[in-house]
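See structure below.
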């Protein structure tokens, strides 16, 4: 038993962290809210670094890596609130596409939604993976119609997608596996965005003074943030463990994914409430960055199965 | 004890219901946008013309002299009919009680009817960049100008709700620079079109331009802009901040209506198998009832001359946290659709402001512990 | 609309409060844990004052009062944690007994359990009211067998009761009404015992010092107790309103009772947790009084329908 | 990362499981009563004889030199088999790590084997009537007796778990009367049969005599009763209070077993229609798993030489509040039977002590905020 990532995995994580710190600061997320959306600079840099195609086989220009290698990268995408379909492209689509070379190279962008009423970046992607009749189908630009729909996080660029033409790219088993990769990747992103909300808030409450002292010295504020930190501390190991189980084909992997996703969703929602409250009015301002991360947290917490959905799945397995 | 409404009360309710159901506008855009605000103002004038804008005020100022019970009944009917949040509420519910208690006759005659008609739209100017929960940290200054017979105001107010759409501001300014904390403050009434005033609207959580910063640069106001005594601003502001605030700012009708909408949502989308959400819906119904009956109990005590006081901190915590729970339950019922920018998600974001504004709930819990339970301050 | 008790009702409450302060201090509750149980001094004084028979008609030596008059008295019995079947005798049994004179005079003690597996003071009472085949039945000493069973609150003196002989004293309607009186009275007792836990704890935290200051000056302790105080504040009106509804025959009275009982149970359970925590180790000591009230709160919170049971009943009516 | 157990670990688990399932006693009365304690002591000796009392200790002191992972595996199997709370735990888990770090060879050789065999039973003497959460407020004194070559101890310790049944006490005493707060304290080891010691047992919440007050009146102890340096007691006590405490006092096995029992209870009494309780049962299962895997993550970090530190405050809050939730859920499943003095109600009362002892959770949350998040102390 050794529960730790390899040096290589940590180094890859650090590289992605640095890349996103440079290419996807809050201003980029904010721009995605307002303008054309997405973060093309970060996206092409991730393609170049091999991240987008990491799960493709080397024969398709990928790195032949597994979800265990990707989970820390998804966490960083979450920390940055990267306005791109990171998990849907790199973790859901690439491993199931019959020919992932173009997606691996970042020449086309894929997105995905399984059992969900709308698709993030549905109008922006070249390929959309959907569930249809218990199979994974892939529809390509020109073969589908995407209608944008307003979500609480405008940088997710939701759309409803209907298709005229689609190719079956995976059977029921592949569908289930794709869903679990999506749920796992989203759980990892939730861990990341939870860390971000907490970091932002810790900095704020150390600095902001009321009654002549930093508000971070008040016990109520301390306890709000301690609660968030505890939730993060105990959600994270179950997400990493789920990655291991999926990567190694553990027969209980789906249950492990649900355990991780439910705690990650709960931690993110708790942290969004606690950090908003710790900020006071400042967090409630659109001009301040907290809401960018908070709304992403809400959206991800409900995507790929919300916490009650995943607990119900665990319940069917253990009760 | 008599928990039946009197015939007069029942008749008043019937009248309100009939008129509101016939007149309440549907589908108004948010009052926190420029377009929406204008439409809301029309609705305010319709209310005024039917004498429903300020039912509890004396007739001479545009009201009906309704009792507190009748006012609660009006509020229940207002929200039951789907009436929108009142864009005039900060004037009517925060400033007006203070004008009634501390205003001169001239101030009452001038300010109140114009407020009721929506001619003057009042924004509150409590918070400053350095004074949020800690209101006594106010830095904005009022300097006496003997020659001109008035005051010169300078400083910055922020988090001013709907400040970009309002015509006037009320707030505290430091009139005695040598006094500390909550001493030496004066309560001023300031027209926002005065020379030296700059208003900058900014967005709140849900993106609407519901907030403003108000910059005051040597703004002259005459002596009659002072409400209550010079240097008495803190006690003037606090005198009506307790019961009145708890009661009038958030009447039970609003939450009864929200709980009703939640029940409707449960019936339309609720999966009968999910008892956890069902239980949460029932909790919301019970909480809204508890808030209603706690209010009737409190109003009876007030009407019989008992002082209430710091209990308003309990009220504020209860309604604000109930409102968050009601909306969170609705989002749970919506499942994946919760993420859409629909009315429940909008309402959830609005509800999240409740535990923050008008004194954070952390401060209110301190108040309960110290003033209701008598625990030591330090 | 006037939501306030009459001067007479308040005066009666004050008299009972004084009586119980004298006759049922914590030492009496503690003695009931250890010795023969019950509080005979308080019980006979309550009989003498007319409280036990208050709901009997004047013709049977009672005062002809309603649950609206009794609710504040039950609250005081709760405040004192009176180790007697106060609600079962005075609010459940007396109004349904065909000849309540002896019970009204306190010559016999009645207890009751409806839809519950055991009976408080089952081995001590002269009369036991039970539900049987959708009716209220009454079995008298000699006609039933009571087997004591250990409950968490030993001063409740639980017993299972089986009877050889019993008289039907009420039909299905009377059974439903008796249950609602029991639930209402227990809700009122919960309000009282919640107040008691809070009073005891406020005194303690003002006095107890750690780190050189009273622990009641710490924000975390303040917030624990503020939460309990809020729960009490909003449970109480619904209990009083339920009393009015039952007393005046409101068709929705049962729903109103359930609303009151659910909030009163929740407030008592929250307050027991918060006050124990605010005490630190002291509250965990058997020699200190808090546990007497806390265990009574737990027992009452689960009796006559726990909070989820009552919410489910509200749900059937409103959803 | 390799989340499979090694062959050695798996074999160790199989051995533990076989032996424990064959030997764990069932239906022992509470170890916090006189009768129960004696029976528990028999069980401790059985454990010792099979070398399962202290698996992680070196063989010379009665252990097997098991790795931290193996110790976790032993604990999982111990609780899975239904093993009772260890009455020796305060010695083994609180004192022993300190003896390993700070004891002289003579102290180790004398204290550890006797502790492992259950010859000496150690009670902790941290709290005093005026020093609960504020341990630095300790008043008990140690006065140097040069002539006799030792120390004279006076004062009162309280909340001493199982103090009435133990033979020895470890605790802090103020050896330098001029020093303040956490300075000038010394860590002493005191036999409870020494002249001048009076032990008074008293009941805890569930009525068992699980606590004691220990009065010390001029009790003489020799120099070798000092653990670590004179006046160094605070740092000696704190050095092993962090990770070790979080990890060793409450191993995941205990909560995995509790969650399993809850699942069994749900299956036996659970009403399939009540999804709220079902959801709470699932939450308990997930929480116990989270605690298990967080521990594996932490132990891996420790084994690879990373320092952990204040994270133990998170662990303490998590397990103690999880334990309360597990038991509260069980009481919900029991419905009206919850009130009976059965194992779940007993367990609930025991669980309620978790957020209080070993530093209240309020103090632990301060520690997390200040030391993990870096928020200002004042």
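Letters A, B, C and D mark the chains in the order given here, with residues in each chain numbered from 1 onward.
We take it that contacts are C-beta pairs under 8 Å (C-beta built on N, C-alpha and C of every residue); 3 or more make two chains touch, one makes a residue touch a chain.
Note that the structure is predicted; figures quoted are calculated from it, not measured.
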{"item": "Contact-richer chain pair (by C-beta pairs counted) among A-B and B-C", "value": "B-C"}
{"item": "Relative to chain C, chain with the most remote C-alpha centre", "value": "A"}
{"item": "Distance from the mean Cα position of chain D to that of chain A, given in whole angstrom", "value": "40"}
{"item": "Approximate Å spacing (C-alpha centroids) for the pair chain A, chain C", "value": "52"}
{"item": "In chain D, residues with contacts to at least two other chains", "value": "274, 276, 279, 362, 365"}
{"item": "Numbers and ranges of chain C residues touching at least 2 other chains", "value": "218-221, 223, 308"}
{"item": "Arrangement of touching chains [line / ring / star / complete / other]", "value": "complete"}
{"item": "Chain B to chain C touching residues, read off their complex", "value": "1-6, 9, 69, 263, 266-267, 270, 278-279, 281-283, 285-287, 289-291, 293-294, 296-297, 299-301, 304, 311, 314, 317-318, 362, 365-366, 368-370, 372-378"}
{"item": "Partner chain B, residues of chain D touching it in the complex", "value": "273-276, 279"}
{"item": "Chain B contact footprint on chain A (complex, rising order)", "value": "116-118, 149-153, 156, 158, 209-211, 215, 218, 220-221, 273, 276-277, 280-281, 283-287, 291, 298-299, 302-303, 306, 308-309"}
{"item": "Contacting residues of chain B [partner chain A, same complex]", "value": "127, 130-134, 137, 158-159, 202-205, 207, 211, 274, 276-277, 324, 331-332, 335-341, 345, 349, 352-353, 355-357, 360-362, 365"}
{"item": "Contact set on chain C toward chain B in their complex", "value": "1-6, 68, 198, 202, 205-206, 213-214, 216-217, 219, 221-223, 225-227, 229-230, 233-238, 240-241, 244-245, 248, 259, 262-263, 308, 311-312, 314-315, 318-319"}
